[in-house]
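Letters A, B, C and D mark the chains in the order given here, with residues in each chain numbered from 1 onward.
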Amino acid sequence: MNDGMDELYRDIILDHYRNPRNSGSIEGDSVIIIEEFNPLCGDKIIVYLHSLSGELIDDIKFIGEGCSISQSSASIMTDLVIGKKIEHAKQIVQQFHTFITGGNIDEDDNSLGDIDAFKGVRKFPARIKCAGLAWNSLDKAIDSMKKLT
Amino acid sequence: MNDGMDELYRDIILDHYRNPRNSGSIEGDSVIIIEEFNPLCGDKIIVYLHSLSGELIDDIKFIGEGCSISQSSASIMTDLVIGKKIEHAKQIVQQFHTFITGGNIDEDDNSLGDIDAFKGVRKFPARIKCAGLAWNSLDKAIDSMKKLT
Amino acid sequence: MSLESKKLLDRTTQIRSDFPILDRKINGKRLAYLDNAASSQKPMQVISKINDLYSNYYANVHRGVHSLSMESTEAYESVREKVAKFINAGNINEIIFTKGTTDSINLFAQSWAKNNLKKGDRIVLSEIEHHANLVPWFMLRDEIGIELAFIPVLDDYTLDIEAAKKIINSNTRLVSISHISNSLGTIVPIKDIIDLAHHNNAIVLIDGAQSIPHQNMNVIDLDIDVLVFSAHKMLGPTGVGILWAKMDILKQCEPVIGGGDMISKVTFDGALWNDIPFRFEAGTPNIAGVIGFGEAIDYLNEINYIDLCNQSHVISEYTRNLLEEMEFVEILGPKDKLLRTSLFSFDIKNIHPHDVAQILDSEGVAVRAGHHCAQPTLNKFGFSSTVRASFYFYNNFEDANQLIESLQIVKKRFLQ
Amino acid sequence: MSLESKKLLDRTTQIRSDFPILDRKINGKRLAYLDNAASSQKPMQVISKINDLYSNYYANVHRGVHSLSMESTEAYESVREKVAKFINAGNINEIIFTKGTTDSINLFAQSWAKNNLKKGDRIVLSEIEHHANLVPWFMLRDEIGIELAFIPVLDDYTLDIEAAKKIINSNTRLVSISHISNSLGTIVPIKDIIDLAHHNNAIVLIDGAQSIPHQNMNVIDLDIDVLVFSAHKMLGPTGVGILWAKMDILKQCEPVIGGGDMISKVTFDGALWNDIPFRFEAGTPNIAGVIGFGEAIDYLNEINYIDLCNQSHVISEYTRNLLEEMEFVEILGPKDKLLRTSLFSFDIKNIHPHDVAQILDSEGVAVRAGHHCAQPTLNKFGFSSTVRASFYFYNNFEDANQLIESLQIVKKRFLQ
């Protein structure tokens, strides 16, 4: 079957989908909570971002409802940025967007980890939105954190 | 030239257009004045209807602006109904509409006079509105007179 | 199989050849187009009509005395008559051309409701409405302070008519309701609702987007007050819809969109309105769309679409029955088959509808996944999205079987 | 004739073969289509594009993951980019698809003006506007009590820019004005008006319905704030228009039409809006119309329409000059040929425009007669209607001569 399904539904994606990392919520005053929808299908991601210093992502979790692509993407995203510097996370978001819309990224950059798993998504414009949902939430969370601090 | 122009612009029509009968206005309290537009081209007919008794059309005049078809039609209309009973005028209006939309009328009916001149108009849907303008005014004038009396 | 349904099936095969897109290969597979509730495909008769217009007699309508303009205008205006006949409206001037169902409902909200309702008046909707029959009323509520009330949907996916008897009260001025739910497939007993509404001196708007493509609709027999639907769901081009209302109601409506064609006189101080329906149709209309829609109606009449739609309902039911036997599938929609139309929503445990639809697509099967613009309805049943298969008269048993077989492939990939 | 204009004429001959309707016989005569300001004809490239869509990849857009829906969506959305490039907009999300210019102006009036202006604020229009740029503002004035002021038109058919300097005052929030008058052919010095407006912190809406088909329009260079136009006047299908506005302004706009696709979340209590531009595009859009419009833009770019339009302007001027020599003809419009476009209105003493157009039609010449949806403008000059001949790049000298010769026939019949 060369219809792109094997490429789209790579094992890493199905694994993150079935066993999401960093799933759940974080409570507390200094937690930034951003909810993103895909208006076309009702998919939803809520990202909880915790950073005491405003410089490091101390913790990040998500609650979501949606397809394998959007949920695995949230899992992979949280996994990638947890413990990273805010500025670095922002760069990773950028790189993810470059990658998913067909651009090139430095494949040897370890900090981009499993992003490569989404290569198969590029062929399916309708699913790029799914893949991007969590990343948009993170982007907005970082922006609104910056406004606070 | 068999393009319908000779039939459309029959001499009677051009004659009424160039020498309109009953052109002008009527003043006085008991005069019904109805203004009709053709919204698509800006043509305009104002009909002045005077009936002391409410039963007979004592006088009828019109002021108008428009094409040969609309203006000659007003002239022919006023000529036809002046001095007639209101009820009869109403019937003539009816007959005109029947005729212009392709129906049959009693051609021997003298009271229908020059209506026949508009036979050529039937082929030109855009012009049927022109031809009907004055008749619609008369129709409305009679209706609003009835409401008064 | 009865001789009659055999004949109908042969007829379907013949009909399918009118729809060029049905020969399309999708990912190398045969196309099984089961997304008809979103939009129908177009027969070549409709496609050619548009071609013919633009190639032979196109011009702007209404304002020209030249031949092309006269021919276009006649073709355009003749569609008003076709539509009127199709729904048995008494007066062709009651037919207003819009952009689609959504546009029709918004127009009616702004044109009638905004000018005839006041704070405290009630509009009754239901819990199975398309967003097109929700959001315009939210907007109006926020603007003029009317009250919205919803006829609940029961656990069996039908409307709660007992509750409706209380909800439609003497403050109710309008009941605006779908004839058929596009997300659940539920057929609403509109006659009962119309009676309830009229009993309370309320008028009724029927959203016929999902019903009119499939069945005979007689506005006079049903005593409907306002009817809206879209051309694109019944073989017509995109960008065309109908707002029909009783003339008495149209007379209470104010124009909403101003411009050319909708006026009888304009000065620098203001304008007088043109007659109904023109006062509601400002600007150059979708001439090709409307003329194409006229051809769609002619086509539906010629093929005797109602018999064919009954046949596709049989195929829809056949498919649904097979799905019901799959233990990993949960189907939404009424149990009673008389209460449901030729579409159904379903969910597969642990596989998101998007993923289901994606894999079905890789097998050539086109279905919709999502909230079907009925988010609150799905939410009420605990779903944020479902898969929806919807049938039209050109669908055949092959389409049905292709869906069923492809679902096994979905299962294999995700539930292994 | 210069070599260059000879080449352009040859090119016109070649281009004409792309327009199937130009072969049409009217009353047995060759068609001279001079009603382009009302609507343009369509090249077979555009007609085929629609055919191709419906035959090969049609489905409803935005909401589907299946292949047809993805292909349609991509084709549909790619047109936003084409339009943005065509007018040099900086951001494709600033392109909003509407039904036409009329719809665009109404949308902007209800969406921006209604929510950002208050009683006493002034909107400046001009005395040469199409009804589409008058009536929506009358309606808004009657609804929220804004004040309308008009830049006068002078006896020489140009706008009174001196007066504009006073009329555009510090209360002025919006100047909404045609780039080219469809009734007089006057080209408005929009750069001056934009400067005046911006100097007073007012924004400017340009009605480009008559200009964009003929010339390059660069919204950034001109610092236009809002631009509206219709696809059908520039080779595109009917039922499609554009509302473009700077993103900052779109952010101040409230959605006007509610329904599917324009929301990000709906409950039974209310809705959240989708992003710009989608929040302004509720319901199933005119998919085929928009995709056909994309093809029209491609075609215009490929043939290098600006050079060709310059050529048709030469033909328009040639015709006008011949008309000026006919003593029974009175031409409206600016004397300075740099201030007028490829259309002119005229009147024949003692023959009503309807009659003129009718007889021209019998000779195959399609012109418009009437008030051209600019009733107050014509009235100001003492006319209730005129004849209008308007040229596009497929018109040639034969069309021009056919008009001139046919006017002699008009004269013979009526002025003998």
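Definition applied: contacts are C-beta pairs under 8 Å (C-beta built on N, C-alpha and C of every residue); 3 or more make two chains touch, one makes a residue touch a chain.
What you are looking at is a predicted structure, and each value in this text was computed from that prediction instead of being measured.
Averaging Cα atoms per chain gives one point for each, and the point farthest from that of chain D is the centre of A. For this pair, chain B with chain C, the centres built from the Cα atoms lie 45 Å apart.
Averaging Cα coordinates per chain places chain A and chain B 76 Å apart. Between the CA-based centres of chain C and chain D the separation comes to 32 Å, rounded to the whole angstrom.
Along chain A, residues 40-41, 124, 127 each make contact with two or more other chains. Shared interface positions of chain D, defined as residues touching 2 or more other chains, are 27, 63-65, 69, 261, 263, 265, 354, 358, 369-370, 375. Contacting chain pairs (ordered by label): A-C, A-D, B-C, B-D, C-D. Those residues of chain B whose C-beta lies close enough to touch chain C in the complex are 37, 39-41, 124-127.
Taken together, the chain C residues at the contact with chain D in this complex read 20-21, 24, 26-27, 31, 33, 35, 38-39, 41-42, 44, 46-47, 50-51, 54-60, 63-69, 99-103, 105-106, 127, 130-132, 134-139, 142, 150, 230, 232, 237-240, 255-263, 265-268, 270-271, 282-289, 354, 357-358, 360-361, 365-370, 372-373, 375-376, 379. Of all the residues in chain C, the ones that touch chain A in their complex are 27-28, 352-355, 358-359, 362, 369-371, 375, 378, 384-385, 413-414.
Note for the complex: chain B touches chain D at residues 1, 3-5, 8-9, 14, 40-44, 65-69, 71, 124, 127, 130.
Interface residues of chain C facing chain B in the complex, by the touch rule stated above, are 62-65, 69-70, 73-74, 261, 263-265, 272, 274-275, 278.
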